[in-house]
């Protein structure tokens, strides 16, 4: 806690401890007071609007406990990712929770009003990429973004993508999600003039090798402005997209 | 030789050898007489219009020898693939050889008149894919095809490709050649309604992994009608394209 | 829709909208009117004779719905690929569906009369490759092709393959399907003088690595005229074979 | 060209061509007039301040020609990436070019004044990552960004990184470049609250496998806000960082 | 059948068919008569003493059918490999079958008397390699070999192996089977002066990568006289060992 | 047995066997008498304080049998690793066994008093790495070590790790266990001045590739004093840590 | 040395040392006296007829020295493998050495008379596999085998292979060497009824991946009696073939 | 510097700065004063006896400069690793440097007296592993260890290794270095009862895959007490071995 360092410095000033003792304490616990992360939250993140809980590997009791603690702390929007339907049912008994089955996401409170620079477009190559896309979309919405969904616009049917040129040209950030068709990121990257976050998915069979093919394809994109996150990492893409969409001078 | 089997049968008829002896001979050398391939030619192929010699690993003397044998045999068009410039110079001293440096191909005689069903389009993602593309294009030309070259139409700049929709829509076969941008095959496969032969190239760096990324990407193409040949195998693609472009009832 | 562009041009002519407005609209929605693909169909393909529905990831209700829409549209032959037996039973309750268990394919209507240039030969290395082979064979049949099945003709027992030389020599296109024995494509490629589409299968154990071994082996085939599709992609091979077998001048 | 569509629409209006003819033309060449990209430029990009030429695979004559065309076009800042020292010398004979040897980058004109939201921090794990870092840094500078370099702050000597907490906390975007130490991206991602672009480098030996180890490590980063570009792709990272640092409402 | 060729030759001799007709027939069906393989048998093998049926993918009815056909044909020893316990129970209802659970092998008849040059030693690195070892051992026994089992003699406890030096020194062929400890093949190869057949197994976890580690390790053995078969291929090793142990002049 | 060699030498001395006979016997059974390993124990290890049984692949009867044999032999502490809960229940019926569910370890007797040089720190990147960590920790405790657990101190939240600098600085050996965050080993290796044993875990998804990413990352650690064991090999790390923590002059 | 053990036993008998001292000595140096291998020879092998020296990494002086030592020891045939032409020239100055450039092998003395059971057939898929084949062939000849060379009989031109059925049917052992066409081993394995040693070569390009494709293909051979050695390991194959061809009762 | 924190605390005490200012400063530069590492040294290490400079990527001027700075600082033993012979010659002009060509290591001063607990044994599988072994050995010697070299004791000639049982049994730490023969680590790990550090080398060809085979093999060692460092990382192994050999209570 910040109060710890303050206390220490006050003790030094008042002579309660020697300078040498204070020096030792400070060297050994340098970050104890930083407090910008919280142990129980999704990979230790916090970004104003919403709190995110990583549901995988947590029991429904633990999830309920964390949500209640947050609510007491006046947190208005809470997102729980990677939560099975079973856990959602259990948690929903004592908490007012909306559950999004496709995305395996639970929401407490309402999506906040969008506060970002512009719109985030979430595009998928096929319909089987939708669960990952919804994880990205709901994450972005919970973090205060206006989200446009363009699903099933894979490059093998280019006209479906081109029908949405207006969305693509007016996006602030685009999340391009595709399994076999890693090509989607390259094509969108070439059409758009905003950052494109590519998410390979483990969808596909044979030489798709659980997402490896899409991953390599996306990393090799010749379009500028494209970067890649881990296979199936919808949350990471949604979070980064929100971060970029909220850029402001420090 | 066919004459061998004939001879054997005549010997049987005339009683020169017994049925049992003939039976043994036939079992042991069943294919001796088929003669549809030739040892010194490019992977044993022959297709009317032109002969193709695989130049890699052959000395200029050997290449010259084979060409001369073919010429005596009234072969009018001869293509030598994977031939270094040095060898071409050497062979050119005694043979009337046109050398195509990019494609590392030598040509004896003139390209024959196109006899195929329609046109073969050869498209590349970038300019560095051109050597492989030229190997494909010249092979197809030497085998009697009308070839249209669409180079540097990679998907990161989609308009360049779409500018050539007419070529794509009117092609009989398309060869899609790309390194990092394996996406080209998917996009073309989705636009065209003819067979697409995808050739991954070893162009690129980092996670391109010597063509592996493009190869996997092409194998996973969601577009129908796409198949893949080995990395950098321009000859194979050109040959297959010609074969398809000359389909006829047997 | 085509009517959209026409309408726009009429508006320009009649002065309803300015040239500048029309220009903008056209740039932003260039393909809106092409309509050569249909969202709900198998990777957006259509080829006269039959419609193909990709069954994986669709509920039996969705499949039934699409089939009924097609039937109303006077579509006479409909193929549903990658459909589990359960779904087939469910769909069969309200639709007249023949189910092919091996191939996991459902058929509405009858196979059309063959209209191709010649015959398509489907060959497999072993008996465990048959499900993939049947997917290829039924696809080709539904698209109007005469199909010859040569199953279990793997190269470790060469005589079984050579017993069928006549089929191989008279084929228009050959689909060579093999798991551990990727060799089949090379051997057939060397014997035949028509295009060979190689399909690696995930059959095998140990160093077969889920089809990777067969895939690499087929890509490295020294025979000319051989190309490769994704592991287990029987549909893709059957579709491409049909496309080649229906080649004609445009 | 835009004038093409305009002309077409005028022809429709004036009755020079029929509506049907215009409709066909529009369908076949939808993008001919978009002109947001230029064939000869670095992956077809353009972003106000500077033009970028991809030098690899271009002769010094070609590079000189493109530069001169740009200069005539009043382009004030031109960056040439992946240019060998030899070519730089050659180009420098007729063009006023500053050459940055480490980054293999040539610059015509002066770096523009920074116009971004904040600062871009470029951090490397070791000294051997510096060439890639300089490619990123100079690209970002040429595109109008204030760049802070933190080199050799690998995680095996954490204090070196922590000594620069102030830079990290005040960055708008961070580019984290590392070979063996892919860990750098995770650690910085955990410390910073801005987007982090991770660039794996091919530095290292043995199980570094030409950058594969760092690539996988970065993709698996548990920190939020981290995305990855291709191995050694300093330009891509610098370009994307600039894009994010210039975010504004559309 | 042989009788076919004989018949043909007789027809030629008697003038029933012309030489040309016979020539054509012979070219088209060259191997029809060779008969050295049988379709229903294990990869088409046959080696005097025993017949082997590959049980995987065959129903118990099929297996029973084949066994009965063989028995009628006076085959005295029949081995069924890769047979589940369920199938064995089923087959055992109508056939006198001994089932070896570990090896998943069924035996009809008795093991023949050993007829080989010497003894075949089957060694394993651990106890979990025993199922593969038993497949090898029983195969070898069924083919007429004297088999010595040395199980759990992995190199991490070298004395266990060295305790059996006499067996190793007196072996005709050694089959070295190991998972994580691919080292076994090298060590045995260095100690023995007979052919060593190495079988990697998929035993192990983590970086064992399903047998890949052991496979690579065995291929890199520095000992002479070592060769490798597929992961878990006990049958293949036992069959080859028997073949070597029955070497004789032809 | 040792008595064997002694007996042999006595026989030589007494003239019961000739020198030549003894020589032969000695050459053929050189290690028969070494007896430093025991067949039924965990990879043949033994280290004073405790015996370790590798539970995987052993029945509960076998485990019970071995434990009883050890108890009769006055062994006071016995650890059973990789034991399922079912087996533990079964074994617990006749043996006084404490079962640690997370670590899948059973303990007979009490943990001995620590006898090592200092403390062993077991650190994990996340909470999902805890089962592997507990395997390491309990193994080390059973072998007589003082163990400090630092769980969930992954590098994406660096302050959690730095909060425990005192533990890290005072450790004798550190075991760093991490899945996606292979970075942990590098960071700890840079902070600590004692041997660090890195254990990659198969935790994670996508490009974590079952632990491969963490494994490569750890092998490439730039920190000195870091070495790596197999993926998920908690036992191996705990055993090695104990060995190092008990170093003494021989 | 054997004399050491003898000496020890004599000392025991004569009472020069105690039984306990002897026991200790014997336990610590068990193999000191075995002497079946020689440090400077090719992987410690020796097989009657010829000695083999592994030339790679040895200077021409070292090679000359070893040869002279062997000659003094009355060794009549000496083979030096992996020897560059330069070294051969140098060694040839003082030693009567025949050099085989293709195989990079040097021979002192004459090839011995064949003493094996039958003939060893060495077959290659293409002409580029010949260097590896010659290493195998000359090794086998130097070890006393009758060798038949069948080069360039790859499966893409099956008739070339079938033309040599007689050689294949009468072989004692076959070495099948192929790069891209790993298929050769399967096809030969299916035709022959003798052991087949498969050697993948690093010949080929693209997806041949330096021999990996051929290696996997050969390991997956469905033919019985096939085993595999390391990529390009001609010596190993020739040595093993000779071992099998000299099988005899012990 | 420590003086910085002291100064700050004194300023707080004396009221020169406010508690709040001090708090901020301390949070932002927590580690500025730790000083346990030095930027220019080998991966920031320091261990009493010797300083180590990582020579790769440093000019001879830089190396000379660092050495001189160290000498002025009274450093008596300095090791320069990964230094080419050229640089050594250059550095040697102004500094008294012994150069070890095999290990590519330069030494200033004399090796210190051994101070470790016992002996470090460095063992290699073959002679080509010696450069890596010498890097390990000289590093260990420079850090004050008694080193025993056991070179060319690969497991294919087990007697060579067993001849040195006494060395192995009496070692404090063993470094096992091997390329193709990754088996060495397992065998030594099974024989010894001390920590074994395994170093895979990139020696070998074909399926050795630049050290990958040995790396996997070593990670899968069934022997306890074995851990692995990066391919060819002799320095890392020597450093870790020294660290273990100097274990003492803190």
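By letter and in written order, the chains are A, B, C, D, E, F, G and H; residue numbering begins at 1 in each of them.
Going forward, contacts are C-beta pairs under 8 Å (C-beta built on N, C-alpha and C of every residue); 3 or more make two chains touch, one makes a residue touch a chain.
Predicted model only: the values in this text are computed from it and were never measured.
Across the assembly, the mean Cα position most removed from that of chain A is the one of G. Between the interfaces E-H and A-C, more contacting C-beta pairs are found at E-H.
The rotation relating chain B to chain G, fitted on Cα atoms, amounts to 90°, rounded to the nearest 5. A straight line joining the Cα centres of chain B and chain D is 39 Å long.
If you average the Cα atoms of chain D and of chain G, the two centres end up 55 Å apart. Centre to centre, using the average C-alpha position, chain A and chain G are separated by 59 Å. In chain C, the residues that reach two or more other chains under the touch definition are 27, 30-31, 34, 36-37, 43-44, 156-158, 162, 190, 206-208, 212, 215, 219-224, 230-231.
Pairwise, the chains that make contact are A-B, A-C, A-D, A-F, A-H, B-C, B-D, B-E, B-G, C-D, C-E, C-G, D-F, D-H, E-F, E-G, E-H, F-G, F-H, G-H. Residues 30, 36-37, 42-45, 117-118, 162, 170, 172, 190, 193-195, 197, 215, 219-231, 236-237, 239-240, 243-245, 247-250 of chain C touch chain B in their complex. Against chain D, the residues of chain B that register as touching in their complex are 127-128, 152, 156-160, 162-163, 165-166, 169, 205-208. By the touch rule above, chain A contacts chain B in their complex via residues 125-126, 154-158, 180-183, 186-187, 189-191, 204, 206-209, 212-214, 216-217, 219-224. Remark: chain E residues 28-32, 34, 36-37, 39, 43-44, 57, 200, 202, 211-212, 215, 230-233 touch chain C in the complex. Of all residues in chain B, only 2, 5-6, 9-10, 12-13, 15, 19-20, 22-23, 26-27, 30-31, 33-34 touch chain E in the complex they form.
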